[in-house]
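The two complexes that follow have chain A in common; it is paired with chain B in the first and with chain C in the second.
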Partner chain A sequence: MKVYTRKIMTVMCLFAVVGILVPSGAWAVKEVKIGVIYPLTGGAAAAGRELRAGAELAAEIANNVMPDLPMAMAKNAGIKSLGGAKIKLIFKDHEGNPTLGADLAKKLILDDKVDGILGCYHSSVTKTVSAVCEQYGVPMINGSSTSPGLTQRGFKWFWRTTPHDKWFTKDLFELLKGLMEGKVRGVAKVPEKDLMNLASACENTEWGSHVSELIKDLAIVNYKEYGFKMKKSLLYAANSADLSSEVRSLKAARPDVMLFASYTSDAILLVKTLKAQRAQPKIIWGQDAGFEKPEFRETLGDSIQGILTRTVFLPKVVEIKKVAGQVNALYKAKTGNDLGGASARAFTGLQTWVYILEKAGSTKPAAIQAAANSIHISGKELVVPWAGIKFSTSGDELGQNVLGSGLIGQYQKEKDGSIGLEIVYPFDVASANMIYPFPKW
Partner chain B sequence: METLKSAFDFSDFPRLDISIAGIIAIFLLVFPLFSHSAFAMATMIQFLMFSVYGMGWNTIGGYGGQVDLGKAQYVGIGAYTTAVLLIRWNIPFWFSMPLGVCLAMAWSFIIGYPLFRLKGHYFAIATIATSLVLMDLFSVWEFVGAARGLEISPIKYHYPDFWRLIFKKDIYYYYVILGFFFVGILYVNGFRRSRLGFQLRSIRDNEEMASSLGINVHWAKIKTYAIATAFVSVVGSFHACYIKNIEPQDTMGLDLSILIALMAMLGGAGSLWGPIIGAAVLIPLKSYLKAWLGGAAGLAGIDLVIYAVIIMLISALEPRGIWGIVEKVRRRRWQ
Partner chain C sequence: MDILIGSLVAGVLIGMILALVALGLTIIFGVMDIVNFAHGEFLMIGMYTGLLTAQATGIDPLLTLPVAAMVGFLLGVICYYGFIKYLVRGPMVAQLLGTFGLMLFLRNLALLIFGSEDQALHRGILIGKSFDLGMGVIVPATKLAAALLSVIAFLAIWLLMNRTKTGKALTATALNARGARYMGIPTDRMNALAWGIGGASVTMAGALLVNFWSVNPFVGILFTMIAFAIVALGGFGSVPGAFFAGLVVGMIMEIPGIWDFLTYALNWDWMANVPMTSLKYTFVYLAYFIIMVLRPRGLFGWKR
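This part shows the complex of A and B:
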């Protein structure tokens, strides 16, 4: 009996010693499951592939030690505060369908028991998915949906890293203003009357319709003194097989500046139709999304020279940010493409997840919520040219990153004959002279 | 009383059919009580929703032979009525849903009158056109949120709220839509043996002959069109509370109209069980193919290819749908 008691005591002591020596997190969590909902099929499948690759690369860096990368998440294998727990991504395809998105969010939360959600690109899908997360009290980080309304709903479990369309559209008007004031690199002062007439065509879901309203508001209210006139404002279905009547209508308005908010396939179709109908505005500007996808450049080739697009990341950023160059090299080795706006934001979205988990030291929703609300990620850690990430915790934009900013790029021919994006705004980081007016097709 | 009796009278079906239907009904009633995944529950709710959509479509499209490809407009009317009344005036689902049905039926009378002057493909195209026009109107109508649509905020209401149909757990939604599903079956069962049901079948078989027998062909079609509309409008109202977010593209798009018609056609148009079989095959097939192949195996898009091939195979094998195949097999056995 005595021998037995001694043996039991010894085993218990051993357990106690191991329990003291090994951090509690190591027992608690082996992996952190993040549900990632992106459009992997359908009209935005090209963007979905980019988003997926961006998120996967961030997870790879977080799960392995990469000492050369000047990022905190590259210094440890896994989440240090959770005993080295690895990030596991569970991907779901929402096809751009908000109803399907909500169903998938429920599946991820209730069946796969994810610790949090990342997604969803389409603002309309982000809206339904974030509503499900709010209902279940599961944290969601959004890296790439830009409809301003998403962070104006008072949700407590939703955080957005990317700047939203109000900021981006304002950047466009600042560029137009800069052209009128002679601030744009390589362009002489443009008379106001040459840029007065605007026309827009935006896809007709949450995102596009919001952009369309913002353009009207900014032109007529905020930049009233510059005399902008909204000659035409159209909404169209992103899955349209033909946009010739929309383009004809835009052309008939004889605008100086044409503005678009389009996903990939419709952006390509729009530019093809503009070319076919020989539309000749002085400026063509796309609100990111389809206008900066590799497929847009590959399909349309030289004909996109002179087209502007707003973004949060351009390959030229690599020249001004070392960390962006290093991550871009890894991304190129993995996919064959440079980082773009979508992939860089997906990367940043997952990176934010990693930093929040590290700060929280737990996968409990309340701990994650507290960490997200108090986190401050330095701009030096990010591939995107932002001042950092810090979420608003009061006011009418709960969960919005207040340190983000946008860029405007222009497609220009590189020295090697390929088409690439050059930074034209902000003016102080312009990487090339702007092509103005838009060249003949 | 006679109508109620007729709704519960399944005596013209073979005993085997009734037994199978009974087993399925019991399964549907007890399904949530057994362990199930959230995904299975969402799939079941989708199946029930599309079954009711299909039952509605089946009255005019199956029994009446009028191929309607614009049903989504009535889903939208039902969904928007419920959402607008709830968000703006806090009016509960059980009041807004009947109002949505009335509005949808009124709209169906307005457009049904000129639409049924057309026949065959022209009618089908006209239904698509009216649905798309209404969707475009809703896309620019600020009162209903224009293209951004409306959101029933999850933080504004306390759940479970049976009056407003705001729940956190899907089990409540399941039993509500299951109730509509059973009511739908009983109604269609009564309808197919009603005076209007017989009139419609004769119109489908030979319109001139039906007219010569004294049937007011135009009026019979309009009435049935309104009945079909009521079905989809009810589910539209349910959809608004279930998804809590509606927008024109998602609620009134052409995809939805075609899917509703496809369920009924593939299952077997003109039969009581057809739309249910169609939804029972297509909805889980689509959901699980996507989950297994698109998600788990990483073969994004392959699920759509397999889904399309199965639809093509069934259509090629038996144009009367799956129920047509069942009847063919049964006839061969008896011979």
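This part shows the complex of A and C:
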């Protein structure tokens, strides 16, 4: 009996010694794998490059100590609650193709055994990828798809940080209202009849067709008392090689306001065609995406002066928010470009992943789910001008960040002769006088 | 009224360019009875040739036409001697699948070399300029120039086919290859020439199109389909047929514009909400279908 007890004691001592000698971190995860699905080739490749760089920068900050940066994730190397586990990003290219996106998500989950997914930019791809994640019970964070329907499906493994198109489109109508009420900086009160006639052209995938419906809805239902008329509302094939008949059809409707939802190559082609056809509405407004890409500005140069785009991030934000300025400097050193709507939101998407993992202290899906549903990230931590990140856990919008907000920018000539975006909405943070009406081409 | 005239003008202009696109297809078919499925890919190569030449040398994109024609001619001749020549010995289905394979090969080669991103020309004398024809009808300068050059190229090829000895030899080969061979016409060389001319005409069309149309490796299929519709409409093998059918197809593509004109002329609100622009190519294919059912040899066709 005595011998037996001693044996047990010895074994227990051995365990204790091993326990003391081996640091606890050695048992923890060494790295957390996040599958990132973006359009790295195809029509939206330009956006894809920005998205990738944004996510990579966030991972670099999370994996290293950067004491100067006033962000919680810059204070530790890796995820502290996971024993300093590093974030490892595995990029996949969905080419804007929803079916391919779903296949890639399956591969990431089954072959690469990722702990979570980030993506996918195109709402159509986000839709199929999130369905795969829901099926396998793998958490997915979406930073940049703005189709409202995505968070109305009651998914339990899907969270979206960016505000969606309904909010953004509402911003546009608020701006039009502001113009009619004389609230816009630098513009005298505009008679209602000057802004009544609207026409829209949106690309025909998930995102564009939803925006098209939203515009119609808001114009006719929500802002009825302003007498808006939807003169024309057309959808065109995404990645079109020629849009001249579409533009002529828009022009024929003689609208005061032209509204677009287009990805990069289409946005460039649209503006070129508008110019060639000398279309002369009073307002040209783009729903982000193509209208705020660096390529849009580089290719079209001075001719985009006066074009409005809704966005979630403008270089001007850097002047208002210190942390945005610091991250922008890092981003510029990495890519040569300023942060844009795509890169800033990809950055924020991955940042949210880091905070959720930190809070969860585990890579178990259930722990991540609980952490995501209860997280509250302060607006001070973010590069985007939002009040913070907090996901809705009830109602008809599950997983939607309720603290986001949008901006409307206008392309104007800066003092140094370059073309930049100035904030014209919200009115209280306007950074310049709005150009109205849209200047002659 | 400006809407209607604008649409008709646009239809005529694009029709002239489309006629040049279809010309190569009809020549090759006329001479050799081969349907070239890789036709759109030849066009895509023409577009890239125009784009890259303009970007590399800094000359105006419209002046890259001779380069594109040369590339197209060589491409056609190389395809003939390296590939088609062996293909024609096989059964009909081998010819069909063979040019289909050529299409896949060229497309994926382009994908490898140029990547899948859309590329477009943004600099040039005429790019971004437009003419005001009065009454609110605006014509983009690049389109007008491309249409005119396209007609000139078309005429040049028509003259070559009808007013030269070589052209006569080509026609003889087309009518009766064996008979032509007995008469001492080198039919093999004539076939190669048909491929060369066919290739050159379509790459020229490509170099003109790229002035206002963006290019990626997949752009070809759309034009293959349109060219088929034009050739079917005009009659397989008919050169003037290709020209008139090109204009007709250009007009068909402008049905949405005519619809808009009617909408505002009649002031019927429901008409404004019909998504006509999404259907512009549908009308072309519908015309193709109808002509195939009603008159399979086309409006001007002489080959049965």
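Operating definition for what follows: the second predicted complex is superposed on the first by the 417 of 441 C-alpha atoms of A that agree within 3 Å, B and C clash if a C-alpha of one lies under 4 Å from a C-alpha of the other, contacts with A are read in each partner's own complex, and residues count from 1 in each chain.
What we mean here is this: a contact is a pair of C-beta atoms (placed from the backbone, for glycine too) under 8 Å apart; a residue touches a chain by one contact, two chains touch by 3 or more.
The structure displayed is predicted, hence computed values, not measured ones.
Undergrad: Between chain B and chain C, positioned on chain A by superposition, is the outcome a clash or a fit?
TA: Overlaying the two complexes on chain A (C-alpha atoms) leaves chain C and chain B clashing.
Undergrad: Check whether A:Leu235 is in contact with chain B, with chain C, with both or with neither, and answer first, second, both or neither.
TA: Both: A:Leu235 reaches chain B and chain C.
Undergrad: Would you sort A:Asn97 into first (chain B), second (chain C), both or neither based on which partner it touches?
TA: Touch status of A:Asn97: first partner only.
Undergrad: I'd like to know which partner A:Leu40 touches here: chain B for first, chain C for second, both or neither.
TA: The first partner, chain B, only.
Undergrad: In the superposed arrangement, which partner chain does A:Ser265 touch: chain B (first), chain C (second), both, or neither?
TA: Touch status of A:Ser265: second partner only.
Undergrad: Quick check on the superposed pair: does A:Asp111 touch chain B, chain C, both, or neither? Answer first, second, both or neither.
TA: The first partner, chain B, only.
Undergrad: Considering only touches as defined above, state whether A:His210 meets chain B (first), chain C (second), both or neither.
TA: Touch partner of A:His210: chain B, not chain C.
Undergrad: For A:Phe155 in the superposed arrangement: first (chain B), second (chain C), both or neither?
TA: first
Undergrad: Would you mind checking which of 9-17, 99-107 or 117-125 on chain B runs into chain C after superposing?
TA: Answer for the clashing stretch of chain B: 117-125.
Undergrad: With the touch criterion stated at the top, can you tell me which chain A residues are shared between the chain B interface and the chain C interface?
TA: Residues 41, 45, 204, 235, 237 of chain A touch both chain B and chain C.
Undergrad: Write out the stretch or stretches of chain C touching chain A in their complex.
TA: Contacts found on chain C: 3, 6-7, 10, 115-118, 120, 122, 128-130, 132, 138, 140, 142-143, 212-216, 219, 222, 253-254, 256-257, 260-261, 263-264, 272-273, 275-278, 280.
Undergrad: Which part of chain A faces chain B closely enough to touch in the complex?
TA: 40-41, 45, 48, 91-93, 97-99, 102-103, 106-107, 109-111, 124, 127-128, 131-132, 134-136, 147, 149, 153-156, 204-206, 208-210, 235, 237
Undergrad: Under the touch definition given earlier, write down the residues of chain B that touch chain A in their complex.
TA: 37-39, 42, 46, 139-140, 146-149, 151, 153-155, 168, 170, 239, 243-245, 247-250, 290-291, 294-295, 298, 300-301, 304
Undergrad: Show which residues of chain A lie in contact with chain C when the two form their complex.
TA: Checking each residue of chain A against chain C gives 41-43, 45-46, 95, 204, 231-237, 239, 241-242, 244-246, 248-249, 252-253, 265, 268-269, 272-273, 275-278, 299-300, 303.
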